[in-house]
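Look at the two complexes coming up: chain A is in both, with chain B in one and chain C in the other.
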Partner chain A sequence: MAHATTVQIREEKFIFSDKAKRLAFILMGAGLLLALIGYFTYHPQVEGFTDEQNHHLPIKRLLASILFNGYFFFIIATCAAVFLAISQVANAGWYVAIRRIPEAMSSFMPIGAIVVFGVVFLSLVVFHGGIYHWGHDGVMEADPLLAKKTWYLNKPFFLIRLAVFTAFWTWCATMIRKYSQNEDQIGGLTNFDKTFKLSAAFLVVFGFTFSMFAWDITMSVDAHWYSTIFTIYNFATGWVSALTVIYLITWYLRSNGYLDGIASDEHMHDLGKFMFAFSVFWTYMWTAQFLLIWYANIPEEVAYYKPRMFGSYKFFFYINIVLNFVVPFFIFMRRGAKRSRQVGVFVGTCILIGHWNDVFLMVMPGAMNLAAAVTGDNPTGIIETPSQGIGLMEIGFLGVFAGLFLYITLNALSKANLYPTKHPFLKESILHDTGV
Partner chain B sequence: MSYESPIREPLVTGGKTYADVTRDILRPLENNASKSWWIGFSVSAVVLAIWIAATTWTMLEGIGAWGLNKTVGWAFDITNFVFWVGIGHAGTLISAVLLLFRQKWRMSINRSAEAMTIFAVICAASFILSHMGRPWVAYWPIPLPNAFGTLWVNFNSPLVWDVFAISTYFSVSLVFWYIGLIPDIATVRDRAEGLRKFIYNFFSMGWNGSTRTWHRYEMISLILAGISTPLVLSVHSIVSMDFATSLVPGWHTTIFPPYFVAGAIFSGFGMVLTLLVIGRVVLKQENYITMGHLDAMCRIVMLTGTMVGLAYITEFFVAAYSGVEYEQYAFINRASGPYWWSYWIMMTCNLIAPQVFWTKWARSTPWFIFLMSIIVNIGMWFERFVIIVTSLHRDFIPSSWTMYTPTITEFAILIGSFGLFFTLYFLFCKYLPTINMAEVKSIIPTHAHDEHHQEADHSTIEKGAAHG
Partner chain C sequence: MMLGVYDNPDTVFSVTENLVKAGYDVHDVYTPFAVHNLDKVIGVKRTRLSIAAFCFAMTGLVSAIALQTYASYFDWQMNIGGKPSLHIPTYIPITFELSILFTAFGMVGCFFIVNRMFWGRNTDIIDLRVTDDRFVIAVNIHSKTDVKALEQTFVSGGAIEVRERAKDL
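This part shows the complex of A and B:
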């Protein structure tokens, strides 16, 4: 084993090829085009709705499509930063060879935060509600249940905390990246120690603030409803998606000849194990929320699952479990599957589509509903809109944000060395062996 | 092979050789019991006698010996049950989850933590038996075919799920612990004579140290770790569902499963620290259970304590946010009702106190860690008490509101269960190696190895110890 401890550490830059750039721009351009076509050709004729009610749907759907896509990519980028922070405070060594990938992903955070903030601002302020039922004029006063929530659900407080939280996380991610690149220059342990302290602080703040963030952005879409596990469930979605993106980008780099002799099948295996384990973790959170609500059968709570499980969103509800649990669990259990590019890309794609669908399912049903007068017959003041399915708007904005995410990530990746050359655990990572 | 960065602290200190490991760890087994062992064992045995007396009294007298009433029909018994089951979780986490995460520092603490798991689950099971009132029909929750009539157990009940969860957990933990013991029992056998040799030979199951036995050992460890990992999550999740599937405000909340699991790991590490801070000194194992180990466990206590605290705050917040007045009252009553003191003990011990572990001093001062571990144990016991009693004692009809006061019998059973736990633990310390010798030998720094590689290392940034 004498050779095995010898490793070659050299400068290696990722070149953001024109082909990849073109792909990113095509995704963005085509996505935007599709979304616009989708918006202008969407003339809903929902049975039983008046023309005026139908008229509200296109803008809701447009805002909701931007929101759930923007939110999805923002939590992926944020969870990439959380991955760096957790690995740092856990003194993990294995991940260092691929560390620059989550670093690059986290550089999407500023744009993602602006998108999320922008669409929330548009909804609440410009469109007086938009996708947030509680944001409509007069709803909070007329609805006795929502009237009790004004201390938390009010527009100024909502927007301020959203801005503060996302700005703080973005700042932490930026500093983590900066320390890491600074380490390439000067070596030593100063930057490592600084990252450690910052990561610990970031994680504590993140734990508490992400709770409110998830309640705000996705839970308050269904303003009457509440679930204490909702935050962790959202985190599980973002976290497993972020791990999957790291895994897929690593495959992309390796298959293009990058990271040769640095990241190996061992790293793929471990990332794959994480995808497997956290898919199960997501399922655990999903089950905890679903089972307890289904079992207790309290009307206020099951109302959330009714349109999803029995109503027009049925297909998305069941496909959610298939893509996010059945596929990774059964296909990714074997060792060989996690080390195979073909299988890995297939499972990774399923997981990403699955969690995109998951976020769709969190936002869409509530966002498309219409506000009505609170009466004895309709105490919630909500008129349910049946599922409008996944159409050009949803797919279009997926393209826009996927392209943007890809562009920003790969661009950030090309700016620094492809792996941190002076990280104290680099050698451990290069010589990493999963042991099986 | 694996490589370790030189900035990592060694896991075993004192320049131990393989022979030193065997000698150090088998010292308590191969010599007459020390005075401190006898004192500890005797005290535990006396406390165990209290447990036997109080449980016997409960069996003879019935549940009427306790302070339960129509409103609060579930109190100390189930609090103690959840408390003990929770304690067990650290053992499984250390041996299974940390194995999967390749955390080698687990190697010198996993044996005692797993033993603790098993003894804690035994204590927990004893509360299930005693709170049944008719322990002679304790097999009724088991879904046996209709030999006893036409009734099956209610499969919809989380209490039945609990029977499955706990019994699976206990059997898997026992097998995992025992498999890990086999190579070490064989070492004891090889050094023993006479009857001792015969007994340890029997339990070593023909272990001969060949490559084949090691290969099987490693495979089975990995498989059992894979099975145990979901068990760590499932057991306390199902325990939480005993409460969360109900309609009782304060019980029915979706965060219960992960929150109970985090709390269980928190309390489990509290107990591991209680045992090991003392044990490493008494058994002279400071070079194996180093300050680094204590430091790492303190960090886990801080992390899980904060997670539990986040769950408390989430519950409180969502109760306020929900607009449901029953839910809101349940939480206000917890914090400011007649049991306010128990709520604030819980908050202080579980969320606030562990924050001291942010300081290096707190993580590196054994007496303080010991004190903190006791605080954690107290806090986690009160957490269950708060959840159970405060949610029940003021139920939906104010005319049935009442207080619950435990009787002396209940206190005696609670205190006595520590006697049961520690008696078993002291026996374990005397008759089985408390540290996994075989695994620890694999992480001793091999310095000769290190020097050998220095010349080949010039293309790298640093040097470190390599293990085969």
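This part shows the complex of A and C:
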């Protein structure tokens, strides 16, 4: 191999082919169709439920399906922006060749934010509760445990902070993208320095606000329950999924002849290392949350794991660990695996399905429960609904959001150069080498 | 062993390339910092450190499980919060930590052994200046090696010094 001191930097554009466009639209259309069929054919007959109770389930399941799918893709897009910010603040050079991919992914953020806000708004305001137990009328006052949380868990404050946080993150991601595209025009270091400052501010704010965001959207579904490690566990989910999506899109581009001589197996190797490492990180967080609750054995906390581990969600609970830890850990450990497209795509798909299942498991059990009066026999005021499984609605909305995400990402990718041609670290990135 | 001392990473790279092409037995190239792709030119083999690391991790894993099963199940069972004495979740943290500890210590030990660093022994550095700002190409000399031509290649490549080193590393 020659000592490549000269690199060919040319302007390269991604062409969003009709085939890819069609695929994205088919995913969206078929997904929506499946979801509608799922909704209208879903007539639950849960044992021991009255007709009125059964009647509540379809709308809950519909809202929960939209919420957890929207949340999943929103945190992927957000974590793509965080990836840019972290790499920028760390003065990383290796990632520049693939920088436009997370940039394009982060352009899904506005839509994701609107979807999440919309579902939450529908749940809390239109349906007076919907998937949020604490949002039902009178629940907060009647339940002594929840009454203490009223200062934080109330509808106006909840909606305002959700809007403010997501708007701020979206603004940061948009500005980071804009600076990067300005750089392509004028070069120099002005935009680089601006991105650095904005990224540092974004990361600090993100660290605090993502905590509250995760408590709000997913943890407050089980309003009695709390876990202090839940935020970092959610972040790990989004982060490893975002890295996986970057990895898969890079493979897609490279196998279609893009980024030739720019992104190499070395970049795949480093992204693969990230996927491997953060799969282990996710497992660490998951285990840490589980172990403390298992040891302490406090009723309010154990209530979260009971339906998941021993109840009707048992299958999803155990498949979670297989897909998110066992598969990446044992298959992706070897150097050759991270550099191979076949193995990489297989492991990447497993990780994405696994984390989708993980978010499903965070939201669904709590969201499907019914609210009842707080009595001596039922101090939580919750009637547990057994698992309805993964059906057409969940799969359908996965298709809708996956198609939307693909369309927006690839469309944004085709708008700018495929890599930042005037980035100060571009040459370093092209010559990136992970060693023998 | 012939040494060529250089002061520029680019010239070191091209000289090494020429030497390898001409069929000399390049022992190693010593640089104060990593010169990318130089390892590929002189054909450095894939490290076996990862295999060693895996073995150390497995040793740690097995010893952690053995220790905990012996201590908390066979030797002295204790009732802690009513949890069973022989149960996988309780073993996770210590198994995880011991695997890492064994791997870390094992790798440091490997590093010392491979580099022949022991107590009371001064390491034989090929040329003290490679720890500062000089680059050294070391070529093994065999009976058939044309020393004159080798010297010529070194000098024409821009060596600031060429010398012979009697002792092999």
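The rule is short, and it goes like this: the second predicted complex is superposed on the first by the 433 of 436 C-alpha atoms of A that agree within 3 Å, B and C clash if a C-alpha of one lies under 4 Å from a C-alpha of the other, contacts with A are read in each partner's own complex, and residues count from 1 in each chain.
By our rule, contacts are C-beta pairs under 8 Å (C-beta built on N, C-alpha and C of every residue); 3 or more make two chains touch, one makes a residue touch a chain.
For clarity, every value in this text was computed on a predicted model and none was experimentally measured.
After superposition on chain A, the partners chain B and chain C collide with one another. In the superposed pair of complexes, A:L398 makes contact with neither chain B nor chain C.
When the two structures are aligned on the shared chain, A:M364 is found in touch with neither chain B nor chain C.
A count of residues in chain A touched by chain B and by chain C gives the higher number to B.
In the superposition on chain A, A:R335 contacts chain C only, with no contact to chain B.
Touch criterion not met for A:I176: it reaches neither chain B nor chain C. Judged by the touch definition given at the top, the superposed model places A:I262 against neither chain B nor chain C. By the touch criterion defined above, A:G435 reaches both chain B and chain C. Chain A residues in contact with chain B (one complex) as well as with chain C (other complex) are 1, 3-5, 291, 295-296, 431, 433, 435-436. Residues of chain A that touch chain C in their complex: 1, 3-5, 287, 290-291, 294-297, 335, 431, 433, 435-436. The part of chain C that touches chain A in the complex is made up of residues 10, 13-14, 17, 34, 36-37, 39-41, 44-47, 50, 81-83, 89, 92-93.
Contact residues on chain B toward chain A in their complex (touch as defined above): 1-5, 7-8, 100, 102, 222, 230, 233, 237, 241, 244-247, 252-258, 306-307, 310-311, 313-315, 317-318, 320-324, 452-453, 456-457, 459-462, 464, 466, 468.
Those residues of chain A that touch chain B in the complex are listed here as 1-9, 91, 93, 145-146, 148-149, 152, 187, 189, 204, 207-208, 211, 215, 226-232, 273, 280, 284-285, 288-289, 291-293, 295-296, 298, 300, 421-422, 424-428, 431-433, 435-436.
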